[in-house]
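Heads up, the next two complexes both have chain A, just with different partners, chain B and then chain C.
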Partner chain A sequence: MNMFRFPVRNTPRKLKKSFGVGSGPAERIKKLQMLVTALIRNERLEAKESYCLETRGYAEQLIQIAIRNGDRHAETMEKADYWLLEKDLVHKLFKVLVPRYQNYTTAFTDYHFLPKKVPGSGVQMGILELKGNPWPPVVPRQRNQKYLLTNVLISTAKEEYRMEKKISPDLKNGTHDKLNQLDNT
Partner chain B sequence: MAVTLIGRLGNLLHKLETLVHRIRVQDSLNRGLPTLGVPNFDLGLDGVNSDLESRLKQQKNSESGSSRSVIDSIFGSILWGVPKSRRTLEKRLTRKFQGKEFKEVTAIKKNIVACLECGTYHEMHTICPKCYGKVREETAAMKAAMGEDFQYNHPRSEVVYLYEDDQEDRAKYKGKYIVEMKKPRPLWFAKNLLTKGHG
Partner chain C sequence: MFVRSVHNCCRVCLKNSARSNAFSYFIKRLLNTKVARKLTNEEARHKRNEIFNEERARQLTFITRIEKIQVEHKGPPEDCTLIMNKGLSTPFNCAMHIGELLMNRSVLALVNGKPWDMHRPLVEDCELKFLHMKDENPILSNQAFWRSCSFILGYILETAFKNEHYVELCSFPVPNVTSGSFVYDADLKLPDWSPSAMELNCLSRVGQSLRYSDFKFERLDIDVSVALKMFEDNQFKSEQIPQIAVKSETGSTVTVYRMGDHIDISRGPLMGSTGMLSRFNVTAVHKIESPQYGPLSRVQGIAIPMSLSLHYWTYEFLMKRATKLNQAPIPTVFQAKSRSETVDNQGEEKAN
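== the complex of A and B ==
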């Protein structure tokens, strides 16, 4: 019973041609194994959107199970052995990632869109990364834009508008009614 | 001029005569009287039609041997859906550029913003390509600084990358795997972002 902390599709994505033309579900799983392994090692991945988002679920599930069951659980170890093709990463999973993500209440991974190449094939590429990684951040410097001049002006204008609305409605309605009465007479 | 007029009038007269004759015949039929024995235009046509029908019947009876029917059986099923008229150039061009791929490229994008760091234009929901290029290079340098351990024997603790500037923080990272970067910290790579995330 895993509760994913990010939006999940009901149906799995079809990873067509993951291993060339004519590849099917077996090749899909092989590709996903490689991607999960790469994600756990590099902590940041650059791939097609569908590949990233499909990998995300498997990686998160693996980390969740590892956090819940620990490294003395036969099924969990089996699963880790299945998904991590390079075996030094099993140690990393239990000794680095489990302590890192123990108290997280959100997802363990982030997804970012990469811009499409123009002219190009029009494929949407993306970045999948583990949170709390040591690399320089992908989104450069998230600034507080609240105090930029334009934003300050807009916010004050909004406030003014709101204040006017608060005062006016009764008065306005009253005047309108009176005018109508005058017109009728 | 005169000749054509006379000819037309003659035709008209002839038609009138035939009409009157038909009416007379019909009248006699309605009254049950015997018809006049004058040869009729319609009757003549009927005779031709009957001749054609009889010929067609003969063909149907002996159709299996004829060459034309064999060709029909081969090509009849293929050669029946063809364009009847030429499409104009304008129509052809409009149809040509109606595809999804053309629309995507030619549509005006209203979600383009400038990066706050470097001013590169990119779509709003994407990350800045130029800044990400820098990040990529730096990441590759960091991986290289760690050496072969990164690829084949990953350290079993959190990894910290220390630049030349942050030697004073060395005491903070006790029990962590420290990688020395033999260069000053890049200006865009802020230090405080190295701290652990809080979920």
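== the complex of A and C ==
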């Protein structure tokens, strides 16, 4: 439970102008607190990519330690109190989210890219959401195309090609045993 | 012209052959020798068609009064209820009422959960669904398509050669898409023939032209005696028919299909019509040895339906694979009982 379950960058992203020109580290944290609170409250939010991905780490860590330590752990409560600006969400964290994510082996959040607006500022926007939320899915259900006639033909042809490639090194060494086996079967 | 000079197998030269046949027949009569007239595929096909028409007309006379059945259609474009004619209306007729999309794309119908041919009359109140090649789980459609392609290979073998070659079709195995090719085993009676690329192309073109003919596959359940009469010119089929009949539900029926003027035995179901073919290639003719039937030719091919598209490079790659000998069981009387498509009427189907 110590590792994040999604790729994390070594260095923090710069969140310039998080509260207008002249924003510093304090404003950055204030902004992130607001985003983490909003995420726990609404279970889905739309923001710039860098904001989403920075928020993701803090939100995941908060849920992880809540699952690990429970609500009778002073440090965990202190952390929850720090990140959740609206205090009723502390109850939601321990009573709703901890049971929901207890048996997860994957990350608790999902990130989706949004298309860039053209013409526009060119900023990459994204959607950050908690898994298992009650909203309709961001990505529509994809049809399974594995069993289409062409795909069946291609996948089996690929497999056969790979098998032949596996056997070919033995041919170079002069041992034909594997090939003979294949012919017999 | 090149093809004719090598093997006399192209359809193009039928006219010349007819003339030479007539000439030799005339000479033989002049010499006053006893001539056993050689049976041709064309005559055999003509005979089968006559029997088929006769039998279908006879079966239609059983329907003296038109009764109505209620058909509940489930699925796009909308669920609806149709009142159709019992024993006359087919799923295709239902599709005509519902929408053109279903007419064009449906390969098979599911009637009360059972796969049903598009042109097979409905016999009772039922729930109807239509299947197509791009379904979420198109295994049934794939099998029907692959089986129909084997069926079409039979048509090609019977029609592409000159009349002097009497081709006897034997059987085709259970459709297996993963094997990469569909198969028809037949006795071509050309022991030394190995087809050139051009000749394979000629055979393929017969299949490709079917797309424009848009023949529908008609199903008919017939009695053993009629089936034996229909296929009396084919030693393999007449041997297989009693075994097929024993395995059928009533113990004495055989299911035959007609496409255009080609009739063959198949368990079915087959696809709606040949208009669904897009690419069709005969890729190889291998010699196989059957313990019961002797030397046979295993003709293989590959095809893609109209609704699916492939890059030409990929298709050529698949074609190369389809030239390898298909490992489907060799037709024998014993295996024909357990595995072969034309014989095993009621057996379980393998999944893809």
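Points worth noting:
Heads up, the rule we're going with is that the second predicted complex is superposed on the first by the 146 of 185 C-alpha atoms of A that agree within 3 Å, B and C clash if a C-alpha of one lies under 4 Å from a C-alpha of the other, contacts with A are read in each partner's own complex, and residues count from 1 in each chain.
Here, a contact is a pair of C-beta atoms (placed from the backbone, for glycine too) under 8 Å apart; a residue touches a chain by one contact, two chains touch by 3 or more.
Small disclaimer: the values here were computed from a predicted structure and weren't measured.
Judged by the touch definition given at the top, the superposed model places A:H91 against chain B, while chain C stays out of reach. Using the contact criterion defined above for the overlaid structures, shared-chain residue A:G20 touches neither chain B nor chain C, since it reaches no partner.
Once the two complexes are laid over each other on the shared chain, residue contacts for A:Y104 go to chain B alone; chain C is not touched.
When both complexes are overlaid on chain A, the residue A:G120 reaches neither chain B nor chain C. Once chain A of one complex is fitted onto chain A of the other, the partner contacts of A:R41 are limited to chain B, with no touch recorded for chain C. In the overlay built on the shared chain, the residue A:L149 is in contact with chain C alone; chain B does not reach it.
Of the two partner chains placed around the shared chain by superposition, chain B is the only one that A:W135 touches, whereas chain C remains out of contact.
Touching more residues of chain A than its counterpart among chain B and chain C is B.
For the contact definition in use here, the residues of chain A common to its chain B contact set and its chain C contact set are 143.
The touching residues of chain A, counted against chain B in their complex, run 41-42, 44, 86, 88-89, 91-92, 95-96, 100-101, 103-106, 112-115, 118, 122, 127, 131-132, 134-141, 143. Contact residues on chain C toward chain A in their complex (touch as defined above): 133-134, 136-139, 141-142, 145-146, 177-180, 302, 304-305, 308-310, 314, 317-318, 321, 352.
The residues of chain A lying in touch with chain C in their complex are 143-144, 147-150, 152-154, 156-157, 160.
Interface residues of chain B facing chain A in the complex, by the touch rule stated above, are 101, 104-105, 115-117, 122-123, 125-129, 131-132, 134-135, 138-139, 142-143, 150-154, 156-161, 186, 188-190, 193-194, 196-197, 199.
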